[in-house]
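Think of it as A, B and C in the order they're written, each chain with its own count starting at 1.
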Amino acid sequence: MSEILLDVQHLSHVFKLGKHAVIKAVDDVSFQMKKGEIFGLVGESGSGKSTVARCIMNIYKPTAGKILYNGIDVCDRAQFRKHHKMLEADRQIIFQDSTSSLNQRMTVADIIAEPMSIHHIKPPRGSLRAEAEFQLSYVGMDATYLDKYPTELSGGQRQRVAIARALSMEPELLVADEPIASLDVSIQAQIINLLRHCNREHGCSMLFIAHDLSMVEYLCDRVGVMYHGKLVEVAPTAELYANPQHPYTKALLSAIPIPDPIAERSRKRMDFDEVTFDRDGVLTEIAPGHYVLRKENAK
Amino acid sequence: MEELLTIENLSVGIASPAGKVQAVRDVSFTLHPGEVLAIVGESGCGKSMLCKTIMKLLPKSAKIEGGKIIANGVDITDYSDKDMRKLRGKLFSMIFQDPMTALNPTIPIGKQIAEAILVHEPKLPKEEVYNRVIELMKIVGIQQPHERYKLYPYNFSGGMRQRSVMAIALAANPKILLADEPTTALDVTIQAQILDLLKGIQTKLGTATILVSHDLGVVARCADRMAIMYAGKIVEIGTAEEVYHDPRHPYTWGLMQSLPALNKGAKELKTIPGMPPTLIDPPKGDAFACRNEYALEIDYHEQPPMFKITDTHYAATWLLDPRAPKVESPMGGKRNV
Amino acid sequence: MRRNPFVYYCKKALVFLVSVFVLSVAVFYISRLAPGDPLMSYYGERVEKMSVDEKEAAREKLGLNDPIHIQYIRWVENAAKGDFGISFKYKQDVMEVIGQRIGFTLILGGIGFALTFVGALLLGVLCAWYEDKWVDRVLCKGGTLLSCIPEFWLSLVLILVFAVTLHWLPSSGAYDIGYKDDVLNRIEHLILPLVIVVLQHLWYYAYMIRNKLLEETRADYVLLGKSKGLSKKEIMFKHCLRNILPSYISIMAISVPHVVGGTYIVETVFSYPGIGALSYESARFHDYNLLMVLCMMTGILVIFCNLIGQIINEKIDPRIKANEVVETSEVTRV
């Protein structure tokens, strides 16, 4: 499984603030996702990771760069229009805040079945309701929840409904934008297990965006670290956590809390000074699959 | 050792349209001078409400239904708002989860800190107040305090704002600092800095701290002792080493096991099945029983008392009763890391 | 700050001028499109006895025969020289007619506005302070009830009670004949109209203050304030009230014309010689020149107050400036 599913090339997104002010939310970011892998994107808030996700999902139009999904440039109007049915069905997204991303006035059954009815897909299990029930049971909730409204559910349950909704289209790519950030620790584990199951059993590729690095380490196959709109390091998870190269990555990893008082108390933390951050550099491969943002001439 | 704060059998109920929510149920613990006590639990377990009860910052719908709060040797359970005002800031003060909203957006930071000093010493001369503010800003790690004195909260980043809130909380040299999820809204790197700062303040100023969090990982660095809360009750309390390395309550096991750091290479994260109960009509027996794979028959009928394990370590589970069947901790007994 | 204050005020002034121009064109055209004969207001009953030729000559004399845009240009030319024409009805210079009356309206509206402004603030704070206590409930219920009563009806009731039955207060006019310079007499005449003007607006703004204050007291920083030992009074006045005042002031600035200009019904019921009644007459009798100036005056007041409200809002509230500062800091970073 080394076929490339998603190829992000030199993606930039600039937010305009007034006439002269701009924010480079995403600045020349390139990475590739293989079919069937879970790619993690981590960074502090405002580092541009959500913007990347939204560009991939065609929610924002990138200022520059290309996003190839199965070889189709999704940012190209003509190509998008030609394949829009497939693109809309194959790519699904889940957001952090399931309170606002689910329509409060729709029942759980309607929410889950809505993508199918929009795409006029004939429900393989007879009716849309049966389909919703199946998806709901897949994410670990029983049929009694079908007629409830999102407000009657807990945060974890709402996130499950959001996942069920995304899965009802049997997507090839699932973009999860901080899906566990607002959940309790024990519920986080349930959601992570569910996402991992989707990936392992159904081969659903996933772009997992988070700031909780320990969950990323557990779940993801490869990780990209973003800082101020730049992708500063990309590597397979084990490699990145064992051998971080970029100073920001080092600082980030040293900040992960370890649930052990003795080890934690004696541990030194590294700080990363914003001033020392050098934007001008290119991703350089330093080990197989391990890329770091570096000045070209620096060795 | 003289106790700084003693909570005895405290219960708090909140009136809601659906019925009375028993947010805090029969909670007892003590806080020693200069220590950090972490209270860990899931959202809705009553840990925030406990803090607000100690400060008497409860909403109108909430009421203390029983128990005692003894602060510095004085029973303050029935103190009026006027009496409490003299204690707030001076004896204990609080920092909040969201530093974005905890500061008044229209008043410069320096003035907000100065206000906290002036509440308790209204006659302090201006220069002295200013110097104290600058000193406080230095303590909490705000660089260039003179320049930043006049800035508004919106000029500050999240971490800086949380530092400012801490400066306000420390203004009148409180003996107790209640920190309600102080790092939840912050980035990982900032979170680490704030936690180190909390620990530093506790060492430097000797302020006893109650650190409330939902994350076991976060509190490991700071906590001397910890209490695990579930459904309005404390289910396990002990020193940090005891709770982390030799947890006894099945809920603590569940929380620990769901941490990815302890699941490296595992195929699946361990989870706690089910959901916490609603506290409008809490179950008769142990509230955790229906999610507990080790639940005994008695768990469904009678609430377990606090069983003593060591002088400092207690847990509320029937598994510790001498008559109970022996259950090996899934954490593999005492862990040595 | 990046913004040049000179450019900023020039922009605001430009907006103001364009608005005034659009307004003048609209009023000019619409008033002339309305059915009816302006000669009626000039010649009164005599119009009916005039021959067609005489009427034509009269129109020519008043300049009513030219196409509307020519008339408008002429009006603008004259207005630029300070000549706003004569009132058809009063056969006097328009400014003179207005000058005699505007003082009365300004006194009624101005005092009414000031009382409303202060009264609403006090009532709002009182209600918020005693949230859900009986004071708050009684005031809120009473206020709702009062604001539902039509003002002309309430005016009549007050006249009936205080003027006709009790003979405490006069029922009409701005002063009794022969008492033109007697301040006390004028105040007596002002009381009833003022009561009506204030009652009509008070509740709306008092409610607004109450709700804004209560919203503010639910904010997190109030908890922090309490936890540092501040009293309810300090939190309410030093923090909450302070934070809502800018928006209150800007809303009140916008509502100046609403309160000051809204005295029309009151003036009619109490036969109070202000410009409210005058504008009604001028519209009814096609007194074009008078109508034009009155409309322009009200319009300019509205536009001006809106602009002032906007500026106040932007100046006082640091949260609005905040956006700019965030922009600059982010931009310098990138």
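By definition in this document, a residue touches a chain if its C-beta (ideal position, glycine included) is under 8 Å from a C-beta of that chain, and two chains touch if they have at least 3 such contacts.
None of these values were measured; they are calculated from a predicted model.
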| item | value |
| --- | --- |
| Comparison of B-C and A-B (more C-beta pairs in contact) | A-B |
| Reference subunit B; chain at largest CA-centroid distance | C |
| Euclidean distance of C-alpha centroids - subunit B vs subunit C, Å | 54 |
| Centre-of-Cα separation between subunit B and subunit A, whole angstrom | 32 |
| Multi-chain contact sites of subunit C, meaning residues that touch two or more partners | none |
| Of all residues in subunit A, those that touch subunit B in their complex | 44-45, 154-157, 184-190, 192-193, 196, 211-215, 217-219, 251-252, 254-265, 267, 269, 271-272 |
| Subunit B to subunit C touching residues, read off their complex | 55, 57, 81, 85-90, 93-96, 98, 101-107, 115-116, 119-120, 152, 154-155, 165, 168-169, 171-172, 178 |
| Residue ranges of subunit B in contact with subunit A within the complex | 42-43, 158, 187-193, 195-196, 214-218, 220-221, 223, 240-241, 244-245, 254-256, 258-264, 268-272, 275, 337 |
| Subunit B-touching residues of subunit C, taken from the complex the two chains share | 219-221, 223-232, 234, 238-239, 242-243, 246, 317-319, 322, 325-326, 329 |
